[in-house]
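Structure provided below as structure tokens; questions to follow.
Letters A, B and C mark the chains in the order given here, with residues in each chain numbered from 1 onward.
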Amino acid sequence: RPINHNKEPAAASTNSSSDQITRINWRVPAVFQKTMPVIGENPVFLAESLRSASNGAIHLEIFDPGEIVPAFSITDAVRDKKVVAGYTWLGYDQGKIAASPLIAAVPFGMEPWEYSAWWFNGGGKEITESLYKKYGIHPIYCGMTGPETAGWFRERIKSLDDVKGLKIRFAGLGGQIIERLGASVTMLPGGEIFQALEKGAIDATEFALPIVDQALGFSDVAKYNYYPGWHQPFTSSHLVINLDTWKSLTRSDKAIIEMGCTAAVTRNLAHAEAVQGEIIANFDQIGVSAERLPLNLLKELKKVASQVIEEEAQRDADFAAVLASQKKFLSNYKHWKSLAYLPRNFDEL
Amino acid sequence: MSSDGRAENRFSDFIDKLSLKIGSIVSYIWLVLLCVIVTNVILRYVFSEGRIELEELQWHLYSIGFLFGLSFALTTDSHIRVDILHEKFSPELRAWIELYGILLFLMPFCALIVMFGLPFVMSSYEVGEVSASPGGLPLRWLIKASLPVAFLLLAVTAVARLLRTWSFLFNNARINK
Amino acid sequence: MGANEALAVLMFLSFILLVFTGYPVAWILGGLAVMFTAFAIILEVDFDLSIGVDWFFTSLSVDRIWGVMENWVMVALPMFVLMGLLLDRSGIANQLMIGFSKLFGRVNGGLAIAVTIIGLLLAATTGIIGASVVLLALLGLPPMLEKGYDTRLATGTVCAVGTLGILIPPSIMLVLMADRMSMSVGDLFLGAVFPGAILGSLYILYIWFFGLISPEKAPAAMEENFEWDILLELFRAIIPPAFLILAVLGSIFFGVATPTEAAGMGAAGALILAISRGKLNLGVFKEVLQETTKTTAFIFAILVGATAFSLVLRGLGGDELIERVLLGLPFPPTGIIVCILLATFLLGFFLDWIELTLIVLPLVSPVVASLGFDPIWFTVLFAVCLQTSFLTPPVGFAIFYLKGAAPKGIDVATIYQGVWPFIILQLIGMAVIFNFDSTVTWLPSRAYD
């Protein structure tokens, strides 16, 4: 007789004081530690709101990376039903699902609300669901932060020449792009970055939001912090659920989980936007200089980015399909975007 | 009778020889690893060129080395025991511990890794998994396959050990060494 | 206590008892994972109790072993082992250690002090516990035994100094802890500097004192008086290998190279040194390579077994049990800290530091913060506590690694006896750090200004 994954393990019942029977009790491995500001706190917020909204019937137990599943194995584990759900940044699956960076973070890509528009109203949700169906996974858009910093550098970046030969830690498509400009890219795991940067084994690194990076100590050892976050104008996270399990849920449970995730997206973005300014304002005091990358370097990066993305599209049909969907959406959206918003530097004009 | 309570056995002899052979071949991997690291260092510090494929090759080599080393270490009895009481036990008692240890602990663990390691490799093969880093190595299923294969080899080596222990306990033909 | 927690407790106890059968630790860990999964399923299917562990869950062991395979940091381990074996089998290590100890002239226990100093340097570079214990055992143990040192003092020194590697920065353990606690790795590194130095000094004082009391068990390296030409001669003998080791350690310390690169270059240097001194023929080299395989394999076997064991233990709710017990303690804040440290120490008997850092640290950190203690101070104490637990019988990972790398004929019982004095030193060190929190907090407060 197969084991019922939805059945309540005894351990959890001790925490739940409600009389209601727990209908859903999942172990959910998360891709960032719960203690990480913003990005780690979001799945905890999700679990808490689902729990109170369902009066204890939906219980997600969030696990830190490596606690039960290594961070980069979350989607595999969900597909094979070793755990029924996970909270992850899909871009880490680049090696298995070539199109995944488009779902998770696109260099020079959409901005957070643009992504939401594409996901909910521009066919993004449908095309992503059908892509992940092949892998037995149901993805739900469940977290969003704005741009990340373009990285922490030990030396100032004045031109393209300063990128050549630079030893830098960089993940995803962004890594491919900066490699084309002559940087030597490595992909050290998060825990090793500080030491490598402090000791000069690497010259620079990107990782996440200023508040996260500062908590990891990068601001202590690399004094030049660069913007804009060209490689990741949006950073979306997803709750991935085993497809069979998802199908077996009642309509009401599905609705509660979807609502919880939609709320988590809003709150995650709000949180991320709210706390970065203070961190940057404080940079002067700790001797960090926050600067923008030179414009010609950005232009060069953008040129290479579109080359890399086109090449990926030629290599992989799914990548091409998702890219086409995003381009189609943006071709209409751009008219609105270019007219409706004040210029970014309007206050300074 | 050998000191660790095992007796001679033709099948076991064959397997042990095989395991030692594989172990001695696999051991050269450390020399290869050393060369790869040195090459990488020279490229990085002399030509300031970082090669992801060489960095990945390093952990590919190291994981093959330690995984295939597991059975080699079993044959040469190098795995760590808390011998505080063990060394005072009679050869018979030690043989019984070995027998139950293999049957109840080592074999089931090997079975777990082999059984679930195969679909792990298959799904990597099916999606054509490659490295997630730019310029990383392709054919990820190949390195993943070293996990179940190494544990299969470990299981076969354990069978050889089991048979020796069995011969020692239940056959009269104990051979003095 | 629920059925699952009863199983978790039973699983702990089984491990402790079974270890004494003398069956390899690695397979007991892995085997128990499978066995208790089967028990959980039987309880679930036949007795309708909900446990929450099944084959799907336990099969995550495969993904976790893959996590070990992918771990770039660990590549340094076999290279450090290879370097140690090359220096050992070519006789260079012996020459180096004896020569180095002659610098201490007629001081009894000079060789052990030399081992401690080399170990401290080593500590400052690897932070991989298996690597530093094994490398130190290969470099330091044979010369000490040859000189007629008491086996217990020799093994105890190597074991204790080897574990100091995980405390003295840079250390992978501290990196992971900082990660868990969301604190700056730099601050934590600096916080660990004085405690590491305090422990190192305590070791040296003890050895020196031991040599004063029982000179026959820790003989001096030199009978004759100190003379300058002896010193010159010594320098000629020890400079090339000492330079090699210092180059490796220095390149990591000053950030010229990553640990993997330095370990690889160190092994290459040892190979060249051994060949140039004509101390290495093909037969010895093959043996060295095969020994590297065995040593690396027994370390990773334990890692692999422990990862399966702790997965199942966690699935059975072992973490929640620990959490409940800790948080339910009826003590004042200081008492709770002591209890947390004590629990960590006891858990260190059967869990790896990775597991402990993952399980206990995030669990207790809110408690510590809410009690108003400095998180860096606490984390350093936690680290010292873990380091001590690796030394503690019956199950100490450092003891196992040393046993694997030590010359034949040294049994676990001898090592058990050897580590006791050092455990007492650890407790003294911990008491100092506990009572004088400035030993931890002063340096980080001065840095990066």
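Following the convention adopted for this analysis, a residue touches a chain if its C-beta (ideal position, glycine included) is under 8 Å from a C-beta of that chain, and two chains touch if they have at least 3 such contacts.
Since this is a predicted model, take the numbers as computed values, not measurements.
K.L.:
Quick check of your reading of the touch definition: is the inter-chain graph here a line, ring, star, complete or other?
P.N.:
Contact map by chain: complete.
K.L.:
Tell me which has more C-beta contacts between its two chains, A-B or A-C.
P.N.:
Between A-C and A-B, contacts are more numerous in A-C.
K.L.:
Just by CA atoms, which chain is the most central one?
P.N.:
C
K.L.:
On a CA-centroid basis, which chain has its centre farthest from chain B's?
P.N.:
A
K.L.:
From the C-alpha centre of chain B to that of chain C, how far is it in Å?
P.N.:
Centres of chain B and chain C (C-alpha means) sit 23 Å apart.
K.L.:
List the centre-to-centre spacing of chain A and chain C in whole Å, with centres computed as mean CA coordinates.
P.N.:
36
K.L.:
Would you please write down the residue numbers of chain C that are in contact with two or more other chains?
P.N.:
59, 63, 66, 70-72, 257
K.L.:
For chain A, write out the residues touching at least two other chains, lowest number first.
P.N.:
Expected reply: 72, 76, 80.
K.L.:
Show the residues in chain B shared as contacts by 2 or more other chains, in ascending order.
P.N.:
In chain B, the residues touching two or more other chains are 44, 55, 120.
K.L.:
For a test of understanding, state which residues of chain A touch chain B in their complex under the given definition.
P.N.:
My answer: residues 72, 76, 79-80, 92-97, 135, 165, 167, 171, 175-176, 179, 184-187.
K.L.:
For chain A, which residues are in contact with chain C within the complex?
P.N.:
1, 3, 5, 7-11, 13-14, 33-37, 40, 64, 66-70, 72-73, 76-77, 80-83, 188-192, 194-196, 198-201, 215-217, 220-221, 286
K.L.:
Across the complex, what residues on chain B touch chain A?
P.N.:
Contact set of chain B toward chain A: 44, 48-52, 55, 119-120, 123-124, 127, 129-136, 140.
K.L.:
Help me check something: in the complex, which residues belonging to chain B touch chain C?
P.N.:
Against chain C, chain B makes touches at 23-24, 26-28, 30-31, 33-34, 36-38, 40-41, 44, 55, 58-59, 62-63, 65-70, 72-73, 76, 78-87, 89, 94, 97-98, 101, 104-106, 108-109, 111-113, 115-117, 120, 143-144, 147.
K.L.:
What does chain C use to touch chain B in their complex?
P.N.:
It comes out as residues 19-28, 30-35, 55, 58-59, 61-63, 65-66, 68-72, 74-75, 77-79, 82, 257, 260-261, 263-265, 267-268, 271, 286, 289-290, 292-302, 304-305, 308, 394-395, 400-401, 403-404, 411-413, 416.
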